[in-house]
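You will see two complexes here that share chain A, one where it goes with chain B and one where it goes with chain C.
Moving on, here comes the complex of A and B:
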């Protein structure tokens, strides 16, 4: 009896010692989300990756988009530049896309249509609309603002062997979802899973980070998927040749290079 | 004779008969709680039917919704004002919260995507993100709306007084329930606006729900009316109670069997109780004869047995004819029709079994003095009805040529009327003109492209074929061709999107409102479109491999003929412009066309088959084809007259009428069977040589017209009384059923009593030469 009791006491003490500092160290929900946005969308000063996106309809038919994505964080302001060049499907090859993203206002976007050799500026009011027909929205691809939602720490739990914070976020103005839950890796700060709920509070979309790898200094989600639970449509994305801090210059993210893809980076 | 043994047994051991019937009834009644309802008329065709499989595959290929509700919002001046737009925004937000609504694809001002040229750039956004505050902003919205062919006639009318919210439903959602929720929301936004809720699911599910409600109300009311009518006719509560009891027990057995076998109660089988109640009135002949006999014999037991000997044969054969006419339905394609046919056959057999057991048993224990009092009224000479019928029969017998000539004239008229019958179906027309559904449909169809939606699917055998300019132009040509039809309000295809992008990319220059010249350009436009609109917008018009395109055809009417017109025009276009594309119709308008046609032709087939079967049964009963043909005349005459009236009245020959034609046959033939059987019995009993002795034949005809004729008249009146309730129904098919059966019964009774004597007198040489086989 005695040794047993001693072990139990020790165990209890250990539990108290572990849990008290852990609780004390929990950052605020806003802080967690902020760090997650940084890890997920802002890693490095720039990034280059080959992205393969598969749009899969409920019948299992597939439309594939192959692209090169270049990203630059020009300063500390939170501004970002994206350059996306489509290699395929064959008949849209050369279509490219430039985004200047600002944290506090709508982004600027330009598209290049190769058969017309035409660059068009797109004034978009649609960060919640689909990115090239996929289940990801523009916002899912390039990140959202911390202040657009209110955040609360729902619980902490393990997900696929990783410790996570579960955050509940609710948009401040009415959008297509009413709330979302995010499972954020407590050490790497990457979102491992997200669940979106619609206006009726029914499950709408689920994001899953299928594969997380360390690329250079940064933990990177190299395979991800988004499933629309209501239409049964889903999108699978694989990032290849992910490189950070490769030295992208600002002038690449201009209309001139949109017309004439920078061959150094786009292969 | 087996039947008489049963009658004697029942008269001797009435209590045992009651006990057995009670036991069986309890067993069948125990099944009733397991009832499953199926209010969806769509299920008239099984999910495995070609049209449903095809439509499902089209829905899947193009990510379409089977059902869409259209909410029309009408403002007397213009919907483009701050107040109305705010209401549209708030109503849309409310609708998105309704269960069963496919929220992601609800289209209204605040959710529909809009691509416009803005300066030298493009603007991509939902049409209305914030309500215009100034007149200038409103003017911009007005221009955006009215200049975009994708919006006009779809979410805004040309006179800008009407806007629509299109509400697609998730699979399996109940259209009526969603429509009711929408109406609750609309009720909260009072003002100058008028709201209308329309669309196939509303009509269909409302109809299904109303139908059951009506059955729940009408079956008991029909029962009550029959009860009162019997009481008035015979002045006996016992008798009235017996008839109702017999009908009720038969209904419990029948419905119990259907439910016990696991069939859901569908719209058709929900009508079974009223039909069984009507068929049960055939036992009126037993009571009719019993009261005459009881008055003559005064001994109850003898009266019962003699009655059953006299009417047993016609009662058996009328039951056989009814059962056979309904049994024909068992060979039809449509499952609910087969179930309905099977149930009525079973019910009819049960009713007839009761005629020879339960009814004699009741008569055997009924209080003697009560029957006596009731029977006192039954006297051929004393009864006014009987005298009038006798005169009617005598008229036919004495003036056979004139009667027949009048009949021929009427037939000629009827044939003319029949030739003017138009085959058509329109489910919205099943509601009365003043009903909410009819009004909503009319308003929206007048203002916008149309509430009825059909598709034409253009399929090639190569992937990416749709991106070729010649394909898009071919589709565009088809659209223009279809739009020439007055019933087509609007068509939309992938071509419209490509043209729209082309124009917008060229600074909104109308010159570029055309299909571009290269496939790559089209591919890049569609790619741009997929970046700037809801993915479903594109999915709705092209499939994933770009092998198939879907052309939306909005129709301004639910007439089945409208979709038929689209199909014919499509075939014509293909003939004029042979191409590699395969064009096939689909969609809810196409489904309505197919299911209505299938039910209709199934019924016409059934009707023709029933005609043959009934003739065979008549021939078997009378042991003579000649008598069968004579007995057939009043029946055919009645049906022809009714069709004639239908033709002259301009009423469409639709599904409910085709169902009725089939059903009424087996019931109306009863009168001929009773008349001819009893006449020949009388001739045999009184040993009349009808071939030679005309006055004796006329005497016998007059007796038949008066005595069994009274039974026939009573039967017809009861039948008509039961169905007349339906004339007051809020749904037109019920009124049709009511009017059809009431006139059918009264006419065929009248024609039987008038025309059979005339025909028999006219053809007596032919009939009686070799006629008798007994």
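Moving on, here comes the complex of A and C:
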């Protein structure tokens, strides 16, 4: 019995020794969310993509938005510039959005209405508002601030064959959701799934990364969907022609190009 | 009226068919040219109970079918392009069919400059339906009959040059004169102090060297605030009427403007300030009652989101007439006197519903000094990406001496249906 006991003890010690370093290697929940935000919203120094967004109502009727999205990270401060050009539908063709995003304060936002040749600055205190009528909020499109929520590592589990951290995040001020769970890829750091819960803790919206591909140096969610579980409305988004580090210049993200889309990038 | 509408419907149906056929033919043939457009019906019905003079579209100041075709193209390096936007209109209200060139221009783009030549819409300034430094032509008839907002502006036949030295944006516009489309007795009823029965004609400024219009704007960012300075060497765009011999002649007196605007974030919203000086060189002394006096104009605006999908915008606007005493002394009897300082407030409330397929919008001009008002409620529903309809109203009211109050016999409700392709 003695040797057996010793083996068991050794085995136990080994298990402890293996698991302790493994546990210590887990980054903090804040660190995980930070890396996830970087991977999801900040990859590369710039990005260009064609974005197709389908808004699908409970009856299955589809509305479609076709866009080109340009994004620039001008420095290390966390500031970002977004340029979004609408190719369709016909009635909004040529409309473009310009967003200057800052980590610690409200974004600056402009819209260009082509039929009036009108550039209008829009009040941007609406990061939880729907982006062009979809189930995505502005914040879902251009990222949120790490400090807007508290984060806790709930567990680790596999999701669709990928190892993930499951993070529970709670907003620090009252917003439309009370908490969300994120399944974050432990190697690629992209969110693979998110579940939002409302104030009564009922499931509210579910985000799913439907397709993840490597584009250049970066893993990219090229198909994603957001479903509103309470209204049964859903939005499906496909990213095509995703390119990183293409050399976008800062002046693209100014009024000049808002009024006259940069044809080199908007095709 | 009903017969006219039926005729218009038939004309529009055939017109739309031709447009579709043409569009698909050209789309198939042309490479790199994008075609799109829409078919639209728009009807505005007068709600004021009034007797109209003969010759005024009384029950329906607007009743039209319209097809628009737009072509846009660029060369493959992307440094040269063109845009054409044409409307074919069957206008049953005044029994007219016309082809309108809304825009038609070509452009060249360089690293530090861009140029455009042709008919083009130009919009400046930071006001919402209030204009100070934007002196480009407008279509007030479209506004007062509830046409979609894109019809508020008319294109200028112009050469436009943009230069981008560093962070600034310099814009220079040299344009042929084009008047505003102002309300006339063909569709509108208003008190007219000019002698009735005399023939009327307008004389537009010609294309002589001294009569071309030149406007400029220099704009840039200071952090995330936008600053702009403006000038215009132009003409008043609504006619100054005077009795001349056996008729009434409308001319467009010269106008020079300078001004500035600034806009940026304040609190949770956007603050806009704009000011300008209108110099009326043909009546500097203010003693010619047919010509506007010089004036200062200014506005302050603030807009912010109230809650999700709901936005509120407020503006206060003022114009202060120079040489007011001279104006009052020379104003003929029977003409309503303007205030020394005309003050207007505006309110805009917009609420989107049902995944932004329903838009409720309410805009109000409130004449603070003239004690009049102009309210524009509207509700739009998008059935799909291609088809939308909007119902709304143009409600003028208050004192009849005011600019908006004088229009109160033209209160109307309107319905627009558009199919875009």
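Note that in this section the second predicted complex is superposed on the first by the 247 of 267 C-alpha atoms of A that agree within 3 Å, B and C clash if a C-alpha of one lies under 4 Å from a C-alpha of the other, contacts with A are read in each partner's own complex, and residues count from 1 in each chain.
As a working rule, contacts are C-beta pairs under 8 Å (C-beta built on N, C-alpha and C of every residue); 3 or more make two chains touch, one makes a residue touch a chain.
All values reported here derive from a predicted model rather than from experimental measurement.
Steric overlap between chain B and chain C is present once the structures are superposed on chain A.
Contacts of A:133 after superposition: both chain B and chain C are touched. In the superposition on chain A, A:199 makes contact with chain B only, while chain C stays out of contact range. Legend: residue contacts after superposition of the two complexes on their common chain; A:263 is shown touching chain C, with no touch to chain B.
By the touch criterion defined above, A:255 lies against chain C but remains apart from chain B after alignment on the C-alpha atoms of chain A.
Applying the stated contact rule after C-alpha superposition, one finds that A:174 touches chain B and leaves chain C untouched. In the overlay built on the shared chain, the residue A:95 is in contact with chain B alone; chain C does not reach it. By the document's definition of touching, of the two partners only chain B reaches A:58; chain C does not. By the document's definition of touching, neither partner reaches A:182: not chain B, not chain C. Shared-chain residue A:118: touches chain B and chain C both.
Listed for chain B are the stretches 22-30, 58-66 or 112-120, of which 112-120 clashes with chain C, judged after superposition on chain A. Common to the chain B-facing and chain C-facing surfaces of chain A are residues 57, 61, 63, 89, 91, 113, 115-116, 118, 121-126, 129-130, 132-134, 176, 233. Chain A contributes residues 57-59, 61-63, 86, 89, 91-92, 95, 97, 111, 113-116, 118, 120-126, 129-134, 174, 176, 198-200, 228, 230-231, 233 to its touches with chain B in the complex.
Chain B makes touch with chain A in their complex at residues 60-61, 63, 93, 96-99, 102-104, 113, 118, 120-126, 129, 170, 464, 467, 505, 518-521, 523-525, 527-528, 530-536, 538-539, 543-545. Contact residues on chain C toward chain A in their complex (touch as defined above): 36-38, 74, 78-79, 81, 107, 109, 114, 120-123, 126, 149-150, 152-153, 162, 164, 169, 219, 221, 224, 226, 263-265, 268-270, 272, 303-305, 308-309, 311, 352, 355-357, 382, 384-386, 388, 418, 420-421.
Residue ranges on chain A touching chain C, taken from their complex, read 55, 57, 61, 63-64, 88-91, 93, 100, 106, 108, 113, 115-119, 121-126, 128-130, 132-134, 176, 233, 251, 254-256, 260, 263-264.
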